[in-house]
Each structure stands twice: as structure tokens, then as C-alpha cells.
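You will see subunit A twice below: alongside subunit B first, and alongside subunit C after that.
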Partner chain A sequence: MSDTNTSMVEKYRNNFLKEVEANVEEGEWVKMCMQCGVCSGSCPLGPHWDHPPQELFMMIRAGKRDEVLESTSMWMCTSCYNCIVRCPRELPITHIMHGLAHYATRLGIEPKNQPTRKFAQLFWDNLARNGRVNELKLGISLYFMNGIVEGIKTALGMAGIGMGMVKTKRMNPMEILGGHTVKDKKGFQAMIKKAQELEAARVDN
Partner chain B sequence: MSDIVATNQTILVVGGGISGMTAALEAAEVGKQVILIEKRPFIGGRVSQLYKYFPKLCFPTCGLEINQRRMNANRNITVLTMSEVTNLQGEAGNYTATVKISPRYVNANCTACGACADAVEAEFDNEFNYNMDKHKGAYLPYNMAQPQRYVIDPRMIGTDDAQKARDACKFDAVDLDMQEETVELKAGAVVWATGWRPYDANKIQPYGYDRIDNVITSVEFERMMDPFGPTGGKLVRPSDGKEAKNVAFIQCAGSRDRNYLKHCSRICCMASLKQSTYVSEKYGDEADVSIYYIDIRAIDRFDDFHQRVKDDPNVKFIKSKVANIVENKENGNPTLNGVDTEGYNRYANEHDLVVLAIGMEPSVDKDTFPIEIKVNDEGFIEQDEANGGVFAAGCSSDALDVNRAVQSATASALRAIQVVNRVAQAEG
Partner chain C sequence: MATKEYSFYPGCSSQEGASSSNYLKSVNTMCEVLDIKLNTIPDWNCCSASIGYCGGGELPRLALSARNIALSEQHNAGQDIVATCAACWLATKETQERLEMDGDLMAETNQALSEAGLTLKNENKIRHMVEVLIEDLGYDELGKHVTKPLEGIKIAGYVGCQTNRPFGIEGESFENPKYLDKFIETMGAEPVEKYDKKVSCCGGALAFSEPEKSQALIKDIIEAAYDGGADMIVTPCPVCQMNVEVYQDKINAKYGTKFSIPVTYYSTLMSVAYGKSGKEAGLDGQIIPAKKLEDIAGK
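Moving on, here comes the complex of A and B:
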């Protein structure tokens, strides 16, 4: 268990709802849920969630901290926004799902082998480097996410699509050498660093 | 119509539904002069379209008949049907209302014999039955309609059919030359009782009211039970006329939802509980009712009714707001998809017929209100000093059941009486 996690447990004791309200993006909306179930029923990936959003909200209120934060459920969200559009109380459910996932990651207790989590991390690392997504490197790191053998297999299987993208100029093979960046890369990185400091200070307090 | 006598001591009641009738009667029976304005060709409003009342399950026709008799017996009430208030100027104790009176094309000679209806061929959507069937171009809105007088649909004017109606009438009651009239009426106080309308179910996209035949609204279901209604009193599916034994009710269809109506419409829980008894009434033990709900809001004395329905083994309660409805193309059954809150079980349930417990909204659009008045976000009239001598009654003030609408109407009548009493004192 990470230090942040221990201190958060200490700080909020059994009031997980308060912890979520204070630390999770849009967390203050959780208490507005009236348990109608439209979000869960409208979710296209709903059947694949261990706990649909409506249940997660109830679990938060019931103080089931570990079950919620260690759950793979919110990582299943694909941001289709069906739930937000249909929620009778206009809860920003998609944002709350990402907020929960992000908070669990900050505490270091997120499910480690959840593929969406892995991809999200790869995407972020890729983007944070140059301020632009390097499609080639992102693709390669994604293929090799689960080891070298499977990586080669996937890469070979996707070769046709890759060549097509190169031909239509959707992907540049030269990106392997570093890739394109934002105009002020240093400034961008300083900005990210500052944002991370602010975020860390917020969570630690 | 220039013979209508109206003074600053007259109370103008706008809307002739149960609230307007009540307010008019309460004021008239203590001796006040009342003019009742009704938009439709008959008084009684939406109550006349109900099969039964909750919680006693008695027939509204009974109470309506009593009120109609009281009205007919009272000399203080003037009823103007097919009329609308288009403007109101002045202040408490001194109002001038502009009233548009549409032609009925049938005069007081009418004996309601029906010869005109037999003579014409044109048919139009029957608004009384929520357009589930047609009425003739010359028609009596419903059997008990008051005034008991036929109406010629204005869309028929100028056609041969209209002439046929006139020729068929032995009493010279059909007058095709009637014109729209606009009159100005004085009034000391106004009771605004324009009532409600069902929320437009087409707007609730996931429920497919616009594309699935066997998804209907609660007001349509109510009409099916009327022996003289569009199905002759049979509970059947619109798609194929099959008996609807496995019926689902969806609560909060449009209500308590910031995408549609923000407010709780209050009546729908009791309406569905009541309508569940209709299915049992028709099919006995073969009835198979499912009620999908967020919470059942049957408060106070209604709780007994709720408990009674809960004890019925043929009625299931599923705590879940249905997420969407898709049609099973093979048998026409609507399939309800969602996740329940008691166990978070995912379901896909097929039913013969789905009834949307449709929400209640004010019948007058808040953005085009014909008079200066304070309304809230939902379009219901607020009780506000700024409204002067205009008092909202019944469902124009809030989503109310009949019982509470009548209470509200009585209160508004009393407020209006106080205003005209002050006028009477000032005028000596």
C-alpha cells in the first residue's frame, strides 16, 4: 500500500463518500445519484462491468473503499457519454468514472493488469513526452505491451494496416527517430510538471 | 354573444375541467356571478377521459354528473365553450378579458339526435381518445358531453359534407354561417384553471413511443377501458389486437428527469397502481403486470392502495428505471432493457404491451402565456402578489391529482371571492 493511500485511509476513516467528494474529479456529484439504473442499462459495455456505475455509486456511499478503488469496472468506460446524456439528474458519470480510475492510480491501488489502464498509461507517457501523440511509437508500445512474442505476432498481423496508413500519410515511419513535437516543448513540459505538482499538493492535503 | 353580462364583480374562470368547474361552482353557490371559459366544446376536461379514479376506483362520470347538474341548476354561471382568453388587461377588481369564441356551427336547437353525424362521411382524429380512433365531421365529443350539443369540425366547412349535415338536421340546428367572435368581458378576479396535458412521449427517445406500436401512454390505456372508447373497452395491443395480459408499466416516463420534465408529476405512481387493477379486472388470474419504478410515491392514505396492489401475486415490482425499449420484430413484443437496483441484475424482459406512466405538464406553454403571470421553470403558475387578482387553480398551479386539484380550486375560488367582495364594498 502506498503512503498516500495509507494517509488517505487515516484521514477519511470510514467516510469514503467524503474522500471521493474531495479527491475525485466531479466526485461531489456522487451523492446526487437516485439509483434509477439508467446509466447501467444504457452502457454499451455494461455487461462486461463487474459493478455498473449505479452500483459503484452505492458502494461509495456504503464505504466499500477497496472494492471500488481496486475494481476494474471504471476502467471499462470508453467515454461514449450515453450515461451522461441519459442520466435523469445530469450526473457527469463518464467523468466520475475516469476520476475514480485516476484517483486509484494516484493511490497506487489500481488493478495492475487491466488492459485499458495499461493503454491509458502508454498513451499518457507518449503524449507527455513531446506534446503530440507519436502514432508509430504508441502502436509499437501497444503491440509489445504483453511481451515480445505476442508483440511480434500482433505487429505482423497489423502490418497491412500500418502500410496503408503510411501510404495515405496517416503515419510517418520517420517518427521512430523522435517524432514531431509542439512548438515550445520545454514550456509544455514545464506546464505538465507544474500541473502535476499542484495535483500532488491537492491530494496530499 | 353580446348578451353576456359581466361587471367588476364578476369572477372569470378560465378552464372548465374539474378545477374550473369546482371554482366556478364554489363562487356561484355563494352568490357570485361567474363566467366559465372552456376551450373544448364541452366541460369536464381530462377527468371526463378517465375510466376510474384512484384510490376508491369509482367512476368519474358519477362525480362529473353531479357537478354538471349543479352547474345547470345555477343561474349565476355562464358557460362559454370553444372559447379562449387571448388577453387580460387591468388589475384586481378591474379586469378586461379578451375572449375568442370559435364557431361550433351548431346552435341551441340541437337535440343531439345524431342525424348530422349519420349524414356526413368525413372523419378526423379523435382528440378525446388521444387520436386512437376517428370521429365523424359532425360529432358529440362523448356521450355525456355538456352542453349536450353536436359540433361541426371546422375542417369540414365549405365541403359537401357540411351541407349534408345541415340538410340532415330537422331542427335547423346546423348553422354553417357562424363566425368566430371576439368579445371583451369585465371581471373583478380571474381563476386560471387551464389544467395539464400529457408530456409528449415522442421526446423520450429510448422508449420508442414513436416507432413501437405496443408502447402506449397511460392516458391512452385509460381510454381503452371505456366501453365506448376506441377499443370498445377491450385491453388489446395496438399492433395486432391481441389481448394484452402481460403488461409493463414504466414509471417516471418524462418526469423527474432533467432531460424532460424536472418535476415529479405526482399522479403517475397511483395511476399505474390503479391501472394494474384494470388488467386484473379484464383477465383475472391470467393478468401478469410488471411495474418498473424508481420509487413508488403513494403517500398518506394512498399507501393502503399501494400495499393492496403489492399483495396481488399477479403484480411484480421491479426497482429500475428502464434504460431502453426495443421491439421484437417477430411477435411485436417490446423488450425492456435495464439493470435493477435490488441486486444489480441485468434484464431484457418481453411484454405484450408497455404503458408509459406519462408525466404531466401545464397545458399552456410558459413562453406564450396569453396573460402576464408568474410561472416557475416547469411552467406552473406561482402564487405571487404580482399576479394581482389572477389565481391559479388545479394543474395550472402544480402537478396534482383530482382530489388536490379540487382543494386548490376551492382555495382559489375563495381568493377570487375576497377580491370581488372588496370591489362590492367599494362600489357600495
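Moving on, here comes the complex of A and C:
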């Protein structure tokens, strides 16, 4: 367990709803949910969620902290925004799902092997370094994220798609040598660092 | 009509040698015909799409879009910001809204921006290219430039998620937006009536991390297009375009289907209907060639 996680458990004791309200992006909306279930019927990957959004909101109120934060469910959110436009209480459900996933990551208790978690982290690392996303590097790290043998298998399976993209100039193998970046990398990275510090000051205390 | 100018946010997938570089090609061609001048935001950065949330918390993610808006204010003062990518548009617009509503976040965002020597006023409108086409030009104007009507092509207008929700296009419904069908009609082609996967999700970024689950969604999107008698699919979103086009072989192998349906952008259609060459329309970027459009472009 990370230090932050331990101190959060200490700080909020039996009030997980309060913890979510204070620390999760748009978390203050959770109490507005009236449990109608409309959102749960909206997720494109719904059958694969252990706990659909409505249930997660109920579990938050019931104080099921570990079950919520360690869940793979919110990592199945495709950001389709079906739920947001349908929710009678206008909860920003998509953002709460992202917020829960991020908060679990911040505490170090997220489901480590969940594939979208790995992809999302790679995506962030790629962009935070260069300011822009380099699709080829992202793709290669993605294929190898499950280890070298799996990676080669996946890469071979995707080779046809890669060749099609290269042929139509929609993927550039030379990108591996450098590729897309912002010019003001220094300013960009300083900005991200500052934003992270300010956020940490708000969340971790 | 006088030249219209906008501050342009192209986004990562449109970069040279990236997955939607052909989108940018056709957008540039279309804009030239329509006398639209796009002033690219200098040194723009990634918006983190909808997938940056693992490593990036709220403030770092807001700072990303805030930097783009601030650069736009500095270099393209007073101009509306226009994005062609649904995710770019959405992330930038969400940032604008969130910062408008929350003074503390706005102050912290500006504190972070000052590290890069920037400040944000947050005053310019953030728009999708299709809004510019519909609201600033209008269907009549779009139709006026057609020299080669796309006769005899039936097209499924696949709007997808993020160009449609949560903001959508003014005056359109979330369940059945009509603008893409109207574009198709205006270019002289025939839209598929009642395309029932019009606003369904293709899996978005999860097509990478959850390929099988996403491909099941994509299969339904393509099947519904065939059911409607479509020759091709057209979309306003680079993620939709890529997901629906490139996995067809994989889907065929898994489900025993025989999919081979081209997927292009609205701007591809317009470039061809406006009499431009296949190359100018970005048709050389098709992995599944859009034969019918090529034929018209080659005439």
C-alpha cells in the first residue's frame, strides 16, 4: 500500500463518499445520483463491466472503498458520453469514471494488468515527454506491454494493418528515430510539472 | 464571400506520417475551394484525447488544452479555434467550460501556464470544422461548388460519439443528427436512411487496448451500413475512421464476414465533388480504396 493510500484511509476513516467528493474529479456529483440505472444500460462495453456506473455510485455511498478503487470497471469506459446526455440528474459520469481511475492510480491501488490502464499510462508518458503523441512509438510500446513474447505475437498479428498504414503514408517508420514533438519542450514540461505540483498540493493533503 | 479565417488546431493524428494525415489533406483541399483560411496554432500540443487520465490528473490535462488556447490567443488573436478531430474539439471545449465555471482551477491553470510564459484569457469560441461548414457557410454555399456530383453512390453517415455528445452540433438531436446525411445529399450522393448505428461507439481508444471487445462493436457498425445498402461509410472523426476501416480483415477472419467497405471523411467527399484529384482528396490514404470516388475523381 502506498503512503498516500494509507494516509487517505486514516483521514477519511469510514466516509468514502467524502473522500471521493474531496479528491475525485467531479466527485462532488456522486450524491446526486438517484439510482435510476439509465447510465448502466448505456455503456458500449457494458457486459464486461463488473460494476456499471450506477452500481459504482451505490458502492461509493456504501463505503466499499477497495472494491471500487481496485475495480477494472471504470477502465472499460470508452468515453462515448452516452450516459452524460441521458442521465436525468446530469451527472458528468464519464469524468467521474476517469476521475476514479486516476485517483486509484494516484493511490497505487489500480488494477495493474488492466490493458486500458497500461495503454492510458503509455499514452500519457508519450505525450508528457514530447508534447505530442508519436503513434508509432505508442504502438510499439503497446504491443510489448505484456512482455516480449506476447508483444511479438501481437505485432505479427497487427503487421497487416501496419503495412497498410505505412503504404498509405499514414504511419511513418522513421518516426522511431525522432518524430513529433513540440518546439518549446522545456516550457511544456515545466508547465506540466507545475500543474502536477499544484494538484498534488490539493489532493494529497 | 470574403475569406473566412480561423485559428486551427490540427491535433496529433493529422501530423505528417500519422493515422489521419489524409484527413488533413482533404480538409486543406476543401478549405481552399470554400475560401477558408486555417491559421495553424504555432507549437500546439496534444490534448490528451480521452485517454490521458491515467497519468494525467485534472489540472495537468486542463493545462494541455489551456496552452493551445493561450497560444491561439497570442498568435491568432480574436479568431475562433477550429478543430477537425472530435477528441481535440471535445477536450479543448471541455477545458474552456471547466475553467469558465471554476475560478480556482482557472487561477491554477494560469499559474502552470506562466511556466511556459503564457497566460489564458479563455475568450474565443472552440468549434468543430463541421460547425464552420454548417453555421458560417451553410448547405447552399457548400452545394454551389459541386462540379462533379457523386451520383450513384450510397453512403452511410457514421457520426459516432464525440462529434455528437456531449456538445453535439446546434439544432441536431443526439439520437439522430442529420447534418452528415445532408452533406452527403448536398454532394449529390444518397444517404442511407435510418442507419441505426449512426451514433454508436466504435470503442474509441479502447480499440487498441481491448481489440476484441471493440471489434465486436465495429462489426455491428459495418453490418448496419451493408444492411442499408451502403457502398461506403463517411465520418467526421479520425478515431471512427481508423477503427472502422483498418480492422475489417481481422473482423472477417474472426466472424467469417466479407467486409471490404471504404470509410472516408466528409471532406474527402467534398474534395472529390468539388472536382479535385484523388490525391488532393487524400484518396491515396485509403487502406480500403474508395473505388467509386476514385472513378469520379479520375473522370
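Assume the second predicted complex is superposed on the first by the 205 of 205 C-alpha atoms of A that agree within 3 Å, B and C clash if a C-alpha of one lies under 4 Å from a C-alpha of the other, contacts with A are read in each partner's own complex, and residues count from 1 in each chain.
Note that in this section a residue touches a chain if its C-beta (ideal position, glycine included) is under 8 Å from a C-beta of that chain, and two chains touch if they have at least 3 such contacts.
Treat the numbers as computed from the prediction; the structure is a model and nothing was measured.
Colleague: Please indicate which partner A:38 is in contact with in the superposed arrangement: first for subunit B, second for subunit C, both, or neither.
Modeller: After superposing on A, A:38 lies in contact with subunit B but is clear of subunit C.
Colleague: When the two structures are overlaid on chain A, which partner does A:84 contact: first (subunit B), second (subunit C), both, or neither?
Modeller: The second partner, subunit C, only.
Colleague: Thinking of the overlay built on chain A, is A:5 touched by subunit B (first), by subunit C (second), by both, or by neither?
Modeller: Touch status of A:5: no partner.
Colleague: Just subunit B (first), just subunit C (second), both, or neither: which does A:46 touch?
Modeller: After superposing on A, A:46 lies in contact with subunit B but is clear of subunit C.
Colleague: Pick one for A:55: touches subunit B only (first), subunit C only (second), both, or neither.
Modeller: After superposing on A, A:55 lies in contact with subunit B but is clear of subunit C.
Colleague: Which partner, subunit B or subunit C, touches the larger number of subunit A residues?
Modeller: C
Colleague: Looking at the overlay, what does A:99 touch: subunit B (first), subunit C (second), both, or neither?
Modeller: second
Colleague: Find the residues of subunit A that appear in the contact set with subunit B and again in the contact set with subunit C.
Modeller: The answer is residues 85 of subunit A.
Colleague: In their complex, what parts of subunit B are in touch with subunit A?
Modeller: 206, 252, 256-259, 294, 320-324, 337-341, 344, 346
Colleague: Any idea which subunit A residues touch subunit C in the complex?
Modeller: Contacts found on subunit A: 25, 44-45, 48, 76, 78-82, 84-85, 94, 98-99, 101-102, 105-106, 110, 115-121, 123-125, 127-128, 131-133, 135, 139, 142, 157, 160-161, 164-165, 167-172, 174-175, 180, 182-184, 187-188, 190-196, 198-199, 203.
Colleague: Quick check on the complex: what are the subunit A residues that touch subunit B?
Modeller: Within the complex, subunit A contacts subunit B at residues 34-38, 40-42, 46-47, 51-52, 54-55, 85-86, 88-90.
Colleague: Note which residues of subunit C are touching subunit A in the complex, please.
Modeller: 12-13, 15-22, 43-46, 48-60, 62-64, 67, 108-109, 111-113, 115-118, 161-162, 165-166, 174, 200-201, 203-206, 208-210, 213-214, 217, 246-247, 249-250, 284-287
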